[in-house]
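There are two complexes below, and they share chain A, which is joined by chain B in the first and by chain C in the second.
And then the complex of A and B:
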């Protein structure tokens, strides 16, 4: 496919409307959340990884994802006061920044850069992918007195990704067991028809989202499957199971097709194709992205957008006719709930299938779920497979751990290596 | 050799060489299974002919250079030292190594270990977190069956219900004796130093239970006979040492600085199940699963929606007539760091004094800790 002809440049803005649509959708979500209590709605806290939000939909419980509120607060520069408040409360500098921001946000009298967050009526503990979730919710329980609803999700422990049948049964039964508790918390009856409908909408959105991210296989890649995908992945988490979510992904898919057709993308041209592993740096998001963008590098595939569900791997499919089992399968297959050899294999597969030039691992201090063992991933990619791999360390919310100059040096050196490999002399 | 000398020999050997394991294997022709803390159903492995071996880190005896390339700088030492032992081949004597869902670090460690070993079988056990669910016990029973299947594939012996019953009884005896020793620390802490108490327990994670039990019995009997009298020290409960092993020097420094450690979480996973009731006709595998799921004792790495951790900490302090609590937590261990905040806020409300100290298994200078504890003890004694 040809790059945009320089004689008649098509403005990228014309092909960048989905982000605005996402912004509006997120704004509506926050409005609904921040006014939930006034409108007599219950608020349920949930995690990004593997939440069965379709159940909340049926009970009209508004989800609050402290990971999403925290990243939004960080993006707006609001992390430091919350982190200091939590450290005054006794939290260690070595604890996860999300947890620290999360507990500080619900402390009496705290206002954040996105407003005063409503307190939880129920804490839905589905700790797929991160065991720190357990401790986080435990803290919130002691802090706010809200009840915890646990759905224990076992880890994918076989190297070939096989999940024992007792795991699926266990998760599905717990989901069914949670219904009376949700009925009590919400004061509403479970309506099976509504559940099936939200599941149907959820499945539709997943299918569309999958098509979108798989467009990373095109050359040139019409999007940045890491930095842009971080905007695009929001609706599948905050609005899954609604028509609004389906509409968003249909729009996105059309937009990406249009980009591909006109040969436009998020950088002037595509010089490098990269695979990304790890959580981004939210306080310096645009700056961090810029370090790669200025080299005309596009992310073609990334693991982070799959934390909400391993949609591109055939590991699950939401099915309204097997609602509890299919939800259970989806919950089991969150990216960080996959064992390290599977994660490593997946990155290797991305490099192959998306014809990438190299891998960037952004290792964040807060998150051992992601980071512990990323050195081993690098060792394997770089040493066993000879794939250029850059590992950089900072944090996703705590600005104290990011040094632009240092990161820039590492990134620039990485591109020099890539350029040499491509037979060029740098750019 | 006195029991104490035997225990020390095993403990020393477990820092790096595992020579005792190799010798046992040679003599018996049977396999060994290493397990990472916090909890492992040793009786299951024992019933299938395995020697269960606790992997508790290298206590600073080896450089962590190779492990460091594969792990991050901000993870606990035990995960890195166990990984270094794996890379160096020190754990080759184990036919299998089992991890469980205690934290993300141990979880990811299981995977990178799997990628870096040739023959050793790596298994990961999911111990249920949702103890209120009807399905938790049957689930754990299925997990234990899966583990038994792995051990069968590795060791060639099938799980036999009668043998398991016998093993559970042996381990019940072990836990009962260890509990006696623990109680002794509560009632007459001057009669037993922390370090000999600790190496007794730790040897129990290494020795074949058949040779350990008679020595343990002797040791407990002898400890009960020790006279001695109380000194002017404060009674403290120590929390946080449930996984990475604190250097013994730090606990000794605490004792020297004026504390009696009347209760602690050292090797808690070995002891916390207590007695597993096994009435006639009861399926021992179900009993083992129930033992874990329904255990009313708090464990940092097991969430139990029905348990009030704050209440438990206060009860523990009261039961032990503790004058203070020391949170002794491994550097970078998030589970311990979060429980510290939970515990601290409960103690604040009740005005029970506490102190927080961080350690790494490899630490060798304890002056700072000693000074902190001295000040802490004095503030209580002279309050």
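And then the complex of A and C:
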């Protein structure tokens, strides 16, 4: 009996528990967020890129990332009413969907598909590559009266990614100077041991997360490093600096190792290995993934899951002994804060290190920070390096910009060219 | 005595027209057909197939393999499999003009720039974004507001000596702009040619993205428009390959894929004949 059971092939479900764990963790986070005010907690709004959430942890400020609430609402199909509301307020169809949903969400009387979002007590503005961030927070300040805490982050200007030490000092000193303001907003004193502890937990989670994503180098790749990694990246963004976050990545790493050991992965087999660039399409996420999954393609590396932090590039390492400096380095090396040649080099390196067959760029209408230059990236990869590269366009939250038939046409044709390259004979 | 011949069919269910092509067991084109796609793709493709066989005097039983392509490719109920129109146009263009290295397919809703190798296989491609501006729809819209046929639009535009600059990039606004330009006293042929210039400019942008390697073969329904051929040739400074058959490149490519696929799967080569 036991013999027979163990020899039966295990289904993928047995190796797909981390996503459920992530779902529960996210649910707990939303619960904490939606009840924060009742429990006398302060709420701080922050951006995904370059947020020193570890500082919030010390003051027990609950972070709300409007980018994450927006994508979650959109994933559940709740974007259109918020986008309409923002357009009634006068926002152009061309403005970033995250911003429009974010603004609509804090408008009096608005309930979203994840609930009524708490208003901010402080708006942490970490400018890092997205110009819109500034105007967005300015608008939220007008709407809610919450104070803005500005941390200016200089752009990475050198082609090789070298950052002058005065840039690091500049950001680190702003972080130190923010402490009195955070003490005043939260009514809590800064405690150094607590800061060190949350930094230690943060570093531990980063190390584990890095190990997870680097498993994409295996053949076959045990995960989809784009579509699945988008679920997996949630804890490092919303729960960094906590034990819960460390536990999640330990579990994920074990699960991925088990997948590798048993030779299972997110598609029946691995026929194509792809590198992805760009923000996904959230309103049609599963449908969009399906266009690739049905060709047995697995994402082996991707830039987007690194918006939480460029952990696999050796550009930063959280260090409890240099807390402000290491946080500053992490913030400076936000993906959209990198110059274009660095971004192109990274994609090229992914193709090489992860032995990919091609690159898929998903460009979104909303976001200049991401989409600007993607045409040039495509051209460089395809023409100079002869790497098959597909550029497709839609939006991350606005369902009006996605047409399945048109996208499928491009994706199917891309796989036909990949098949030819692999000597598969076209179709 | 010779047994009945075997044939292969390609059906290109495009957003605007459904095209059919039939090739024989040596890959030679035997017959073509074209009709509006209309609102019911399933019916349109069935009708196209029946017409194709009737015109060729071939029975359904003689057709060994059918491949569907175009937007409606998954709606073709009688087909054996599907291939995208990108690969099909490449193959069809290469079959008609073996020196082809770049293909420009202008259809009703999409414009595709395709780079191919010496076997007619797709190396790279680019398509217009989700917008009808640089496509046949743009011409159709203008033809409609002016009460002209598609044939007339292209032919009349050839008389232009002083093309008007059409600034709108939107297919819907272009209709209004066409009327405005006429109201301002511009000549009809100059306005029409201006529309062609606007579309050609956009497609050349796409071509540049994949790289412009001669020979260039111009395919799709818009390749039947003499105004557009002139306009593209003027702007590119080189001749394009076109013929009455380039309208059928998608269907022809599909039929040729059908023949290959059949021979690969049966491993019988031409022994079916």
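One rule holds in what follows: the second predicted complex is superposed on the first by the 417 of 427 C-alpha atoms of A that agree within 3 Å, B and C clash if a C-alpha of one lies under 4 Å from a C-alpha of the other, contacts with A are read in each partner's own complex, and residues count from 1 in each chain.
Note that a contact is a pair of C-beta atoms (placed from the backbone, for glycine too) under 8 Å apart; a residue touches a chain by one contact, two chains touch by 3 or more.
From a predicted model like this one, the values you see are computed outputs, not experimental measurements.
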item	value
Partner chain(s) touched by A:413 [first = chain B, second = chain C, both, neither]	second
Partner with the higher number of touched chain A residues, chain C or chain B	B
Partner chain in contact with A:388 - chain B first, chain C second, else both or neither	second
First, second, both or neither for A:154, with chain B first and chain C second	first
Which superposed partner A:115 touches (first chain B, second chain C, both, neither)	neither
First (chain B), second (chain C), both or neither touched by A:379	both
Touched partner set for A:134, first chain B, second chain C, both or neither	first
Touching partner for A:403 - first (chain B), second (chain C), both, neither	second
Common interface residues of chain A - those touching chain B in one complex and chain C in the other	375, 379, 393
Sites on chain A touched by chain C in the complex	375, 378-379, 382-383, 388-389, 391, 393-394, 401, 403, 405-406, 409-410, 412-413, 416-417, 420, 425-427
For the chain A and chain B complex, residues of the former touching the latter	89-92, 94-96, 99, 125, 127, 130-132, 134-136, 138-139, 142, 148, 150-152, 154-155, 157, 159, 164, 166-167, 169-170, 173-174, 177, 336, 339-344, 363, 365, 368-369, 371-376, 379-380, 393
Chain B to chain A touching residues, read off their complex	68-75, 79, 101-105, 107-112, 114-116, 123-124, 126, 128-130, 132-136, 138-139, 142-143, 146, 303, 305, 309-310, 331-332, 334-335, 337-342, 344-345
Touching residues on chain C, where the partner in the complex is chain A	71, 81-87, 110, 121-127, 129-130, 209-211, 257, 260-261, 264
